[in-house]
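Once you scroll down, you'll see the structures, which are given as structure tokens.
Paired with chain B in one complex and with chain C in the other, chain A is shared by the two complexes that follow.
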Partner chain A sequence: MAIEVRIPTILRSYTGGAKVVEGAGDTLGDLLTDLDSRHAGLKARLVTDAGALHRFVNVYVNDEDVRFLGALDAKLNDGDSVTILPAVAGGAFGFAAAAALSQHRASVAGRVAHDAAVAAH
Partner chain B sequence: MARYDSLLDACGGTPLVGLPRLSPTVPEGAPPVRLWAKLEDRNPTGSIKDRAALFMVRAAEQAGRLRPGDTILEPTSGNTGISLAMVAKLRGYRLVCVMPENVSTERVQLLRMYGAEIIFSPAAGGSNQAVATAKQIAAEHPDWVMLFQYGNEANARAHYETTGPELLHDLPTITHFVAGLGTTGTLMGTGRYLREKVDGIQVVAAEPRYGELVYGLRNIDEGYVPELYDATVLSRRFSVGTRDAVLRTRQLVEVEGIFAGFSTGAILHAALAVAHEAVRDGRRADVAFVIADGGWKYLSTGAYGGTLADAENALEGQLWA
Partner chain C sequence: MLSIDRSIVEAIVAHARRDHPDEACGVVAGPAGSDIPTRHIPMDNAARSMTFYEFDSMEQLRVWREMDDRDEEPVVIYHSHTATEAYPSRTDVSFAGEPGAHYLLVSTREPDTEEIRSFRIVDGVVTEEPVRIVDAAVDPHAVQSYMFGQSPATVDYECSGR
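Presenting the complex of A and B:
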């Protein structure tokens, strides 16, 4: 038996397009090292240079977030299912709201420049 | 029966009901493990978002950011938009919602009925186009006010000041609180309050795991974690797939007669997981979870009938929570 790992679409370039790959390891960190030996570059997309999980990556072991199970030290067993997902919040509109707000803040600060641009049209 | 001066005063104070049929059975002599549902669909517009909308508008008024006749801009097609539309109407503001033109007609009709104006972004561009449209509108109208629920402390405070105290009052023996993770406001506010008051309280997040289409095109560096989110408030966080959410949503109405939306199914899935663990460990548990909204707005998905596989296909690519 091995550990089944579900790969999100944006990282399948590292797995030859495979949605699901198998790996082994006693901890999540070990598993990622094992996967990286066959799918070079994958680990670097998930773990920062400082050795922590990337802020915008969520990893779940049997549907539970590993950040509450010890993160990269989370213990794994044969037969576990690991799912990797990009962090999204409350659906696509989380992105819309965040992006629009940062633009809004910028626009208030840069209103003079904006007005000038509108006038130029 | 209670009496209120206006609809806004009737926000919150929702019932907490026991679920004797869904609660797991425990071996004879073992401590009880009970599930409790907080019926947030009983709020004025039918969802938990009424609490956040009311608090965010009040906070903006108190800070002088909102004055009578002002315009609120919010890019949302969901429950927050409906809640804000109701609050804006009663407090004398104009609400403009930005959403892709391919959202369900129920959403559009509901928002218009409550008086919101809608600006559509082209369906073909999806959420990326909605982002672009919202940016453009915000730039053109710097005097419009965006409450921004993902980073607005009044969103979490609504739950710190209302949802949390209500739960503790109605269930002093609470051991677990389970809610959905979107803006994170419900979990941050209620979780902080309960952590201050209840030793050993477990604060559990249920996060919807959508079909691949929703995540498909994103770059990891474009990911987003809401400004309100503080992981130290949570004890555990579960990712719940579409099939499990649909299964639990159906089970809830079949077994306990509560007709809820799919995000509630995801929450129930996590609540059952912690309840069954408590049974296995022989621990007493009073698990309270949130019924985020009713199922009415999701009927057109078709996911309440047919096989689970059909339902999963029907929801593929949709933001069902």
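Presenting the complex of A and C:
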């Protein structure tokens, strides 16, 4: 038995056009490594250089979003069905900008706290 | 070019107005390969934000499966910008993951008028396209006035008395 993986349109260039492929692995990470051995380049579209699941995709095991199952560490069993969908998101002032801003805010807050600590001494 | 029924555009605009000042988002499904948007599916904006939208991942799974079962595909993916123009932001472009879809943007920044524009977004390249709003030939729920020279379907409808 194997794990059935449903591939979205945008990634079918890696699977020779196939909508469904099969793979094996004890975790989602293992499965993606296994798939990448036959569909080179697929994993890099799903996993960041830092080794996390990409923000631009949703991956489901059976009916669950893997973000709630441990992401790449999500456990898999033979007969599971994995579905990959493009995350649909965007907006006038986007996620990337919002993330950059919150990081900037965090660093400003850290600096202010540091300055205050220095001033107190 | 995107050809889309007037009633669907009106429903999208109503959704965008209803959720203003938060961004609204959704899908119009159509038969696979047809390029004809027929079934309007308003989606929740899981981000509930004035500047960001995001489909709820579980709702998306349900809707995408339903489309698959019905042999449909997402012909149109729409969202609103509530304070800026109807043009894809860098975030819109980086997330655009349906190369076959028309990305429809509605701007609700003006209270009385809407700006509606459509784009193809493929491999990070944005191409604007014309939007043709079409009136349905036959609306089974409405009484239609008969005009000579309309399609046989419309004449049938008139004569059947339904």
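Following the convention adopted for this analysis, the second predicted complex is superposed on the first by the 88 of 121 C-alpha atoms of A that agree within 3 Å, B and C clash if a C-alpha of one lies under 4 Å from a C-alpha of the other, contacts with A are read in each partner's own complex, and residues count from 1 in each chain.
Basically, contacts are C-beta pairs under 8 Å (C-beta built on N, C-alpha and C of every residue); 3 or more make two chains touch, one makes a residue touch a chain.
For clarity, every value in this text was computed on a predicted model and none was experimentally measured.
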Quick one: chain B or chain C, who's touching more of chain A? B
Looking at A:Pro8 after the superposition, I want to know if it touches chain B, chain C, both of them or none. Which is it: first, second, both, neither? both
In the superposed arrangement, does A:Thr83 touch chain B (first), chain C (second), both or neither? both
Touching partner for A:Asn58 - first (chain B), second (chain C), both, neither: both
Classify the contacts of A:Arg67 with the two partner chains as first (chain B alone), second (chain C alone), both, or neither. both
Looking at the overlay, does A:Arg38 come into contact with chain B only (first), chain C only (second), both, or neither? neither
Chain B and chain C footprints on chain A meet at residues 8-10, 56-58, 60, 63, 65, 67, 83, 85-98
Within the complex, chain C is touched by chain A residues 8-10, 56-58, 60, 63, 65, 67, 83, 85-98
Could you list, by residue number, the parts of chain C that touch chain A in their complex? 23, 25, 43, 47, 49-55, 57-58, 60-61, 64, 73, 77, 79, 81-84, 88-92, 94-100
As the complex stands, chain B meets chain A at residues 73-78, 98-99, 126-127, 130-131, 134-135, 137-139, 142, 146, 148-151, 182-184, 205, 207, 209-210, 212, 214-226, 229, 231, 234-241, 319, 321
With touch defined as at the start, can you tell me which chain A residues reach chain B in the complex? 8-11, 45, 54-58, 60, 63-65, 67-68, 83, 85-101, 103-104, 107-108, 111, 114
